[in-house]
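Below you'll find the structure I mean.
Just so it is clear, A, B and C label the chains in written order, and each chain counts residues from 1 on its own.
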Amino acid sequence: MKKFAYLWKNALVLLAVLVFAIPASVDFLAMQKREPVAKNDYEVRMLSEYCEGLKDTPADTEIYVLDSGVPGGTFLIFGGTHPNETAGMLAAVSLVENMKPTAGRFFIIPWLNKSGFTHTSPLDGMQDFFDITLDDGSVRTFRVGNRLTNPVHQWPDRTYYEGTSGRKLVGTETAEIRNVNRMYYGDPDGVLTEKVCWGVYQLILKENVNLTMDMHEGSPEFLYLDCTMVNEKADNNTAMSIAQGMSLDMEFDDLTMRAEFSGMKSYGLSHRSLGDNTQSMMTLMETYNPSMGPLHGKMDDDLIINGNEPNYVEAYQRGLNYFKIDDSGYPLINRVARHITCIFYLAKNYTDAHPDRAMAFEGLGSYEEMVQKGLGGLLKPIK
Amino acid sequence: MDIELICLLVMLAVFLLANLLVKLPVSFSMVLGAIAGALVGGQGIPLRHLFEGTFTYLDTILIISAAMLFMTVIQESGALEALNAIIVTRFYKKPALMLILLMLMIMFPGMITGSSTAAVLSAGALVAPVLLLIGIPKEKTGAILAMGAIMGMAAPPINIPALLIAGGVDMPYIGFEGPLFFITIPCAIIAVLILGLKHCKNLDIEKLKGELNLEIGKKYGIRLYLPIFVLIVLLVVSKLVPSLPQLGTALIFLISAAVGIFTGRRFNVWEKALSAMETTIPVLGKLMGVGMFIQVLTLVGARGWIVVSCLSLGTVMLYVFACTIMPGFGAISSYGAASVMGVPFLLVLLQAGGHNDIVLCCMLSFLCCLGDLMPPTALAGNYAAQIVGLKYRPVLTKCVIPFLICLILGLLCMIFSGSLSFLTA
Amino acid sequence: MKKIFALVLAALMLLALAACGRQDTTSPTGQADPNAATQATLDPSGTAPAFDMQTSEDKRIVNIGTVDKTLYAAPILVTSFGQSTDASTIDTALKRVGGTYSYLPQVAADAVGSYKTMIICVGASTKGLGQAGIDEKDEVARAEAIMAKAKETGAQVIFVHIGGETRRGALSDQLADLVLPQCSYMIVKEDANWDYKFTKYAEEHSLPLTLIFGQKDTVQVMSDLFSK
């Protein structure tokens, strides 16, 4: 009997752990539920319609299709490639809820890496949720996730993996096997993350997508902020002129949005891999998100929504960041509005260059108007 | 006073009080510190963050557990005794060389697991009797174990503080072997010679032979070393040919351990495995506690505060602080030192110009590793003292001189990192 | 004893931490420290000190000297030296003013013989060169050959440098120095002029120079130059 005494002790310890683990697990499980989207004139499809293997997995995600009924081009827009890059997801949601297309079709995916929205990363002290109070007084809650697929859904990370792009994931890059933006163009029989990539790839091919925007944010240390990466190849190497047109239009609105060539060695990233392997013009934009950097201060709704981080102002003054950061911060609404404005001008310049593939929308207003309205006015109440 | 600083002070105070006065284990003290910090920082008791933090070092925890099982097996099977016998009988005429080889043996588990504790508890436990046998006093033996374990922890291929710092600035963990060997091997040699050489000038081999286990090596022959061989081959192959199906470090240790069960002396696997895990669990708990502690530091903004405060230091002060705070932070955790302080120090020093980023990162990680000698946690010192049957104070006292030498060498390498860039090729 | 030793060490550490408190980087007037500001650019091509700019948010275009518009006859070529995105900005600007021109950023020297006007956008970009699959040496050789051809045919050259401060690396400057001796008009985004390289050159060689504040001003400049 004495031999098994330790079992009792261990059982007691486990029980004590459970007392804390159960309420904690409620917190974690709450992140599994997707946010509702307000009504608009859209059709909902699932990404599994383009990649069988995603069906009934936690990674299958909604695609909102808004069709103007006027023949023209097709624009694919997605946020949430990296769930912690909040502005991309919110810009996509705002587009879905407000957009009135006037030419062509729009495919919008707000939560591309849906699995990534179900967890946060250890040590970073990230928020799981943040609240936005709407103009009518109701509150909408959104998730901040992790940039990688949830290891509960895809584990373990292999110590070596070669994706379809030829990117070799070894050493410190092994976790990137759960990063949607490293695994393009995907593989229908690969790991869960690759299936998501394959779904996007097939969607572009099957729906004959002409223009794609992948919305991102970066920590302040990143070099390419307020910047759009462009794969030059589409339509006989004319994509950069369209992007430069957008960049000039943004500048006329007093907004900076550099256009940059997609890196030749950015294997497995959307703009490189999908641009090289599909007909679509591929673009990826980045804005600055202070809550993502390692220098961030106290983590709360205020940092996420108002985007003012004095630590980064100081780091900039000390020459540690390339990107200019001042006391005024970079509120979420400004980042969301910048994403949407960039998309608007990309569509406009694309239409100018290819009138037979026109794509246009209204319903969101100018950058200034969106900022004026704030997130509370831009997002619609859920009825 | 900034609220972030208050949070930091409260966390440290609660941790130290719980550990030193209430005598709670380090891991529990860290939990209490983390909870106190979250409360002061206005985050309530953030259960989700507390849990999430404990998962930070999950991979490391798996590796340490598997490595401990492996070391237990080769200890019980007699492989390490046989190795010791070979070293002593072959090299007793050249005591300096013998001491250096013994030091490398202590370092080995630390090198592959990145944990000083693993080194002390495994190879250290085996080498200690040899060191005592050849006449080195207990406290100095303990000091050799502690220094060796720390050098092993800092030596390549796995140096966890270096991994943490490199990860924090998006630097690939490539080219770190050269600079890390450059600093750890000379420091290890200097340490072991200072501590041990004068005690083993004239060794009586006949007396020694009586104490060594000369039989076990003869009885089982070369197959006794098979698990060590399997381990080295699998680790090396997985490094050289990454495209082969990968087992992962933890599984490699387990496979090698499984091989070892059949290659030497028989022992009760279940019992030995249980007792190995029992000695390891406090270390694993410590890692989980550290993860929780730093997650809360980040959550309340104290981490950002520390970093930004360091940015305002001048170059000279920066070096002074790197030499004091980095090892000093080891009083809580050397991993914590790397992930909280390592990144900003690296960024700011790089900005001063003339530095090589990889060499600098290696030297900063080396300073972090030295923190494993810092009380009250003093991971390496604690376990080394336990092995030789002393309290850790006399052992740590003997460590002071080699520790200072290491610190100075590390500092020099940092200052002249630019001219050492050839090491990274 | 052990306890006291540990506490003293920990206290020392805390003191050290507390001592490294924040230094204020702003001067009493609330302005950011100019030294801190100049350190701020981590650009690989070096850091530019602050300098007196002639253009500003309110006065976006400054013309120095007079441009003889009649010099620039069709056919017009727009090309890039260094393959940065700047040439496509000029392409976009010209499109908006409704100009007639050929946009050939990687044109070879033997294909430029028929052009009477060459708008050469100087600015090296590693990304752009990589995208085009051209190495630095080949780009310099192409630039040299085109300038030789222009000398031969007597084509008018307009020097365009609108990438700003970030396009002042060694290669960009080398390419600029190839074009400047043969140009008859310079268009420069002013933040690139931090060492007064371009204003000095224009003054010494009595060249007309247009300084612009931002890239969007290229639309106005192209309109002024080519509108009938």
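Everything that follows uses one rule, which is that a residue touches a chain if its C-beta (ideal position, glycine included) is under 8 Å from a C-beta of that chain, and two chains touch if they have at least 3 such contacts.
A quick note: this is a predicted structure, and the numbers were derived from the prediction, not measured.
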item: Centrality ranking, top chain (CA atoms only); value: A
item: Chain whose Cα centroid lies at the greatest distance from that of chain C; value: B
item: Chain centre separation (chain B, chain C; CA means) in Å; value: 51
item: Interchain centroid distance [CA atoms averaged], chain A/chain C, Å; value: 32
item: Mean-CA-position distance for chain B and chain A (Å); value: 39
item: Per-residue overlap in chain A, given as positions that touch at least 2 other chains; value: 314, 318-320
item: Where chain C touches two or more other chains, by residue; value: 22, 25, 39
item: Per-residue overlap in chain B, given as positions that touch at least 2 other chains; value: 308, 312, 351
item: Chain C-facing residues of chain A, complex; value: 232, 240-241, 243-245, 247-248, 251-252, 258-265, 314, 316-322, 324
item: List of chain A residues in touch with chain B within their complex; value: 20-21, 23-24, 27-28, 120, 122-125, 128, 156, 158-160, 162, 168, 170-173, 294-299, 309, 311, 314-315, 318-320
item: Touching residues on chain B, where the partner in the complex is chain A; value: 3-4, 41-42, 47-53, 55-56, 163, 166-168, 172-174, 238, 242-244, 246, 248, 291, 294-296, 298-301, 303-305, 307-308, 311-312, 339, 343-344, 347-348, 351
item: Interface residues, chain C side, partner chain A - complex; value: 22, 25, 32-33, 36-37, 39-43, 85, 88-89, 91-93, 95-96, 103, 125, 127-128, 130-131, 133, 214-216, 218-219
